[in-house]
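Letters are used for the chains, namely A, B, C, D and E, taken in the order the chains are written, and counting of residues starts over at 1 for each.
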Amino acid sequence: ADKLTLQLKWVTQAQFAGYYVAKDKGFYDEVDLDVTIKPGGPDVAPAQVIAGGGADVVVDWMPAALATREKGVPLVNISQVFSRSGMMLTCRKDMGVETPADFKGKTLGVWFFGNEYPFLSWMDKLKYKTEGADADITVLKQGFNVDPLLQKQAACVSTMTYNEYWQVIDGGLTPAELTVFPYEDQGVATLEDGLYVMEKSLADDAMKDKLARFIKASMKGWQYAIDNTDEAAEIVLENDATGAQTEKHQKRMMAEIAKLIDTENLGRLNEDSYDRTVNILLAGDSKLVISKKPEGAFTQEIWDMSTK
Amino acid sequence: MKKSADLVLILFVLLSGISVFLPVGVDADMSVQWWDKPTAFALLVISVAAALYQLISRETTTYAALLLTIGCIAGAFAPLILTRTVDASGYGAIGLWLFLVALGLLVWRSLALLSRAANGNHLLAFAVPALFGIWLLYLWQVVTIGFGIPSVLLPSPEQIGAAIENNTSTLFADFYQTVVKSVLSGFAFGCGAGFLVAILVDRVPFMQRGLLPLGSLVSAIPIVGIAPIMVMWFGFDWQSKAAVIVVMTFFPMLINTLAGLQATSHIEKDLMRSYAASYWQTLLFLRLPNAMPFIFNALKINSTLAMIGAIVAEFFGTPIVGMGFRISTEVGRMNVDIVWATIAVAAVVGSLFYGILALMERRITFWHASYRRAK
Amino acid sequence: MTKPAEISKAGIWRRLYDGKSFPVFVVVLSLLILWYAGAVYMNSDRLIDQYERSKVEWSWQQLTEDAWSMERPILPAPQQIIVELHKTVIDKKITSKRSLVYHSYVTISSTLVGFALGALLGVLLAVGIVHLETLDRSLMPWIIASQTVPILAIAPMIIVVLGHIGLTGLVPKAIISMYLCFFPITIGMVKGLRSPDVLQLDLMKTYSASAAQVFWKLRMPASIPFLFASLKVAIAISLVGAIVAELPTGAVEGLGARLLAGSYYGQTIQIWSALVAASVLGMLLVWAVTITEKLVLGRTGREAV
Amino acid sequence: MSDVDLKPVIEIEKLNLVFQTADTPVHALSDIDLTVNAGDFVSFIGPSGCGKTTLMRVIADLEKPTGGHISVNGMTPEEARQKRAYGYVFQAPALYPWRTVEKNIMLPLEIMGLSREEQKARAARNLAMVNLEGFEKKFPWQLSGGMQQRVSIARALSVEPDLLLMDEPFGALDEITRDHLNEQLLKLWDTTKKTVIFVTHSIPEAVFLSSKIVVMSPRPGKVIDIIESNLPRDRTLDIRETPEFLEISHRVREGLRSGHSYDD
Amino acid sequence: MSDVDLKPVIEIEKLNLVFQTADTPVHALSDIDLTVNAGDFVSFIGPSGCGKTTLMRVIADLEKPTGGHISVNGMTPEEARQKRAYGYVFQAPALYPWRTVEKNIMLPLEIMGLSREEQKARAARNLAMVNLEGFEKKFPWQLSGGMQQRVSIARALSVEPDLLLMDEPFGALDEITRDHLNEQLLKLWDTTKKTVIFVTHSIPEAVFLSSKIVVMSPRPGKVIDIIESNLPRDRTLDIRETPEFLEISHRVREGLRSGHSYDD
């Protein structure tokens, strides 16, 4: 079987269920692939791993991938799994946040490590300064959890609909006590989990064929996961080597993930969403993420090959 | 002069001779030879000439050492020119690497000569490690460029230097947040507490027997474990970083100070007893001065611990300034040159911190046997 | 002279007082009391907040009870950690991914490999520095500088680079652990190898002993106590290094991964139990070195320094 | 016998001291009886390990006896120590390496709380006594062993105690320096009427200096002979050729030999 | 003079040695001229710091002279050292604490590559010589200072060198033990016809042991008198009462005194 390495963006969890299902259910074997799935973590930059030759395909978010492309590591999107963004800002009502206008003077928790781009674009759009002595809001680099919100160190923290939001709920706050600002609703949603490869992989026909087979089996896995969320969550749990994940949480996560994926043309990049993402990143004056329209940052060729 | 020294030089001449007949790079798919780049070739010839002169004269004077060093430096510019003029996508070839290995031998020889001349010469004593460091940076430069290592993996020193230049204000703000706010306060508080508790515990041997075994327990706690807890307790600003540093530095100080306080010999203590000196007099006149070398030992260990502790703790939640924040954020942004620029600042600050402590130690514990060694 | 019987009678308290276990017991006990009090203090804010939002009447007794049994406390009570440890150490099969023993085993193996590599590197460097003036002069400042590089910060890059040349799994973790632990060994060994005084060296000179003979018969034995003192420091450091190195390898397994996963999900109890496991492990490792030291020094008739 | 009044300074009766060591207890002092009067110059002499230092340390309250009775100036040794009744010259110089020679001599004076000028004056006076003028600002490790020992003597003298305990103070010195210091010490003793207790390995030194010589023998450490010397208080080195001197020397040597383990 | 043939073992001409220290250079040896013949027993005597140890170290090639000429057995000191021509007893015992007494004595023999049995045999023989049978398996720190010094003497003797350099070997010993070892050393010298160079502070010891006494004086270190002794080679301790002995002693003392810095 052909070997292929996939680098995930985060730790083993239902966010990546499709790949684990495909591996567990033998979908990769069916297309004669031997796929190694490398979990990520807070310190793992998928783009760096692929540039260093540690993986053939990576799961990454589009803003980060485009930024990396500008830095001279030519990443190309070959498939976009998540059609919608799951990112939100979750705020405490008791700390006085009801609308974006209330952000002024508050402390907001944000993920960095390349995940801050959508947030910065949003604040840019809202005309809030986030840095320097005259900053309108205090930005806090949020750690791995939602403690700052629970401990009232921050008025808002970043959450994913499928993960951290539920940690807030588990932490004892009720949905009624929270205001949430999904990025989708604020018009600043950027594309999240997609599959990226290095440009030079696409110059090689054998490699292209391998990638197409990989997409095919992966999407089969995703379809299966969406149809059988509880079973998918259990497969994820079995693959979690840290033994830290709980069944309740993963099942809930899988259900939320399913809501972010369009099953029609599963895995095909929607070019309108792509353009919107690029425009959001290019909007504002700061040009923090990318400075010009990227060229050749995606290809539909592999996805098309995979459906043949 | 020993035979092995001659051998090193002969090997250098031999290897660089061989390299002349090998390709040194690829330029637009054409292999490049030494003589395609006359300036580089001339520099190679100079370095070989310097080696030959040393081989024949076998002098070990400062003058001869400097001459050979100049030969090294001249030779070192050749690969720099090659990696720059040969097309960026074309990597260095076998001849270049062979010459670099040969150059390593020459550098070794010249450092050996210099260190021999450095006895009693402060300027040279400083120059030897400096040259060695420059040599390491140089290798880094030539290798990253020559092998075409992507800068998101490892930028070259040149790129790092440029990053430092372009980001001075950010780097300074980070330095202020991490070093001035977190490190200095945490270091002062941790070391101070360790010292005071040591003096307290020294008076109450019962506490000492009870506390010390816990010391090895605490020193085995990984910072990556304490840091999130401290952020939870003390908030995300510098206070939590200082707290991590306090935890890390407290026990080394406690243990070293205690050891130092107990290092007084029987006869020295008996002398104080024969004067019917009070506890505090004995502490002030005898035991503290005696403990100084130990205390400085702890200060030096703690200086490196404090830097590392602050930076790592910033991985677990910070305001958006600070060296640890910068490193962890810019890696994700693929600005690896800024990451290395920050690391460079950390290394320089850390070494300075250590150096200042070492100087103070020399001043204050001048009487200690380790500074009186003849050779 | 006092009779033995008298000594033991009057001295039972004295002996307890002068012994080691009793003071440790007392200190641990007082720490535990402090800990329980601290748990109430630190957790009460959130609890009271909760009570007020759900508008329940609360008493101090209930507060204390709740503070010691929160699911995600700011400071867990000791018995919560013990229960968790019991669950993950004893109840789970050691091959299970939820067993702390399994994770400890993963961490220990990279710790030991890293420690062995670090000891080797440290000793080799020290031997070089003591015997070659060039190395002494040129290398020493850079060895110190190397330790001011926050290796933990560049660990991810090291892992990537090593992965690039085909080193994955245990090796990169061991290398990071080695990088952290060779330093105290080099410093200690340089000190130890230089500890023979002028007279002891002159003695060798009068026998016109070779450099190798001076090394094996004088420098090496003289450095043994220094070696062990630094090994004890180094092994604790190499454990920390191994734990740290587990984070950027994808936090898959090992105590570091447990710490991180616990931290990621706000599972304070899990963090604390991993921390306790790490500390106990560290202590056991240091203790193992101490035992070895006793054995080796016992043979040469000396006592530990 | 000396011509000052016979007030006893040190009274020792049936003194015993056993060191508890890991394997076997060491009986360092066994049934010692000794009286030292004010103005006496008493030398302890005896083979290595016979307990000279230990006895001296008991007097200085640096070691507690395990049996018997001892008083110093009519007090317990502890009280006497706290009254700073004596000056002690140790077998090793025990100078503090971070203090200059002068500062080392001033150490006990600082502890006693004397004024700065007084400290300086005494340091200068006593440095001159041991022929070390000009070395005030040197550090101990810049001096030869013999010079260090002389500094430690100056330090003990600077306290100006009535009772001086000296443990082999001249061990590291050459014969000429030693003779010189012997004379100085004797002059000091004669003029200030101090009581001196002195340990030495040298028979001529013991005889030359002492008004009373205590010969000890080891295992267990005990006193085997006490020799009163009737040489005049103001003696010079020439006295060493006189028959009286040689006679006392002979008696000391005999005592030593009888207590010694070599029986050849 | 000795009755063996007069082959010179050590020839020293106009030897100079200046130590470069941080502040001022120290002229430790100045224009030393000295010849030592095979079978001589030469003692160096002189005040502390006059260069006795330094001269000995030059002979042993542990210090390089800064001027003049020296040969040992007709070779340079370095060649002589490499030929293992001498045994050296340092001023301090310099035993290795991790080796037992026996192993310490075997150290030079191991380095010379002798057989295990030979090593053991020599160690036993020389331990007996210094009266330390039964202490083979003890570690140095389990011995008293004097015993340690004796072990170091045994170690030097075990090499069985023709030339023995001894730097104050008996300094830490009491008079009786010292007398005993003096006799042993003299017997050894007489029977094995070794050449011995010996440093001491004690005039009687120097006179009792030597066939030649070198009196030195400090600042700069130089030889001020060389006294040939015509006492018989096989002397006993009683000789110390003879007029010849006292006469030589007197001459040494005069020499010492004249070279000394005290002019009182």
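What we mean here is this: a contact is a pair of C-beta atoms (placed from the backbone, for glycine too) under 8 Å apart; a residue touches a chain by one contact, two chains touch by 3 or more.
Here the structure is a predicted model, which means the values were calculated and not measured.
Novice: Where the contacts of chain A and chain B overlap, which chains show up?
Specialist: Neighbours common to chain A and chain B are C.
Novice: Most contacts: which chain pair?
Specialist: Ranked by contacting C-beta pairs, first place goes to B-C.
Novice: Give, as an integer number of Å, the spacing between the C-alpha centres of chain C and chain A.
Specialist: 37
Novice: How many angstrom between the C-alpha centroids of chain E and chain C?
Specialist: 53
Novice: On a C-alpha centroid basis, what's the spacing between chain B and chain E, in Å?
Specialist: Spacing between the chain centres: roughly 49 Å.
Novice: Just curious, how far off is chain C from chain B if you go by their C-alpha centres, in Å?
Specialist: About 23 Å separates the centre of chain B from that of chain C.
Novice: Counting only residues that touch at least 2 other chains, which ones in chain B make the list?
Specialist: Each of 153, 228, 232, 315-316, 328, 331, 336 in chain B touches at least two other chains.
Novice: For chain E, which residues are shared contacts with two or more other chains?
Specialist: Residues of chain E touching two or more partner chains: there are none.
Novice: Using the touch definition from the top, which residues of chain C touch two or more other chains?
Specialist: Correct list: 74, 156-157, 160-161, 164, 247, 260, 263.
Novice: Enumerate the contact residues on chain B facing chain C in the complex.
Specialist: Within the complex, chain B contacts chain C at residues 108, 111-112, 115-116, 118, 125, 128-129, 131-133, 136, 153-154, 206-211, 213-214, 216-226, 228-229, 232-233, 304, 307-308, 311-312, 315-316, 323-324, 327-328, 331, 336, 339, 343, 346-347, 349-351, 353-354, 374.
Novice: For a test of understanding, state which residues of chain C touch chain A in their complex under the given definition.
Specialist: 46, 50, 53, 72, 74, 96-99, 103, 155-157, 160-161, 163-164, 247-248, 250-253, 257-258, 260-267, 270
Novice: If you look only at chain B, which of its residues touch chain A in the complex?
Specialist: So the residues of chain B touching chain A come out as 150-153, 228, 231-232, 235-236, 315-320, 325, 328-329, 331-336.
Novice: Can you name the residues of chain D that touch chain B in the complex?
Specialist: Spelled out, the residues of chain D in touch with chain B are 57, 60-62, 81-84, 86-88, 90, 92, 94, 96-98, 107-108, 110-112, 139, 141, 159.
Novice: Over in the complex, which chain B residues touch chain D? Could you list them?
Specialist: Touching chain D from chain B are residues 265, 267-268, 270-277, 281, 285-286, 289, 292, 365-369, 372.
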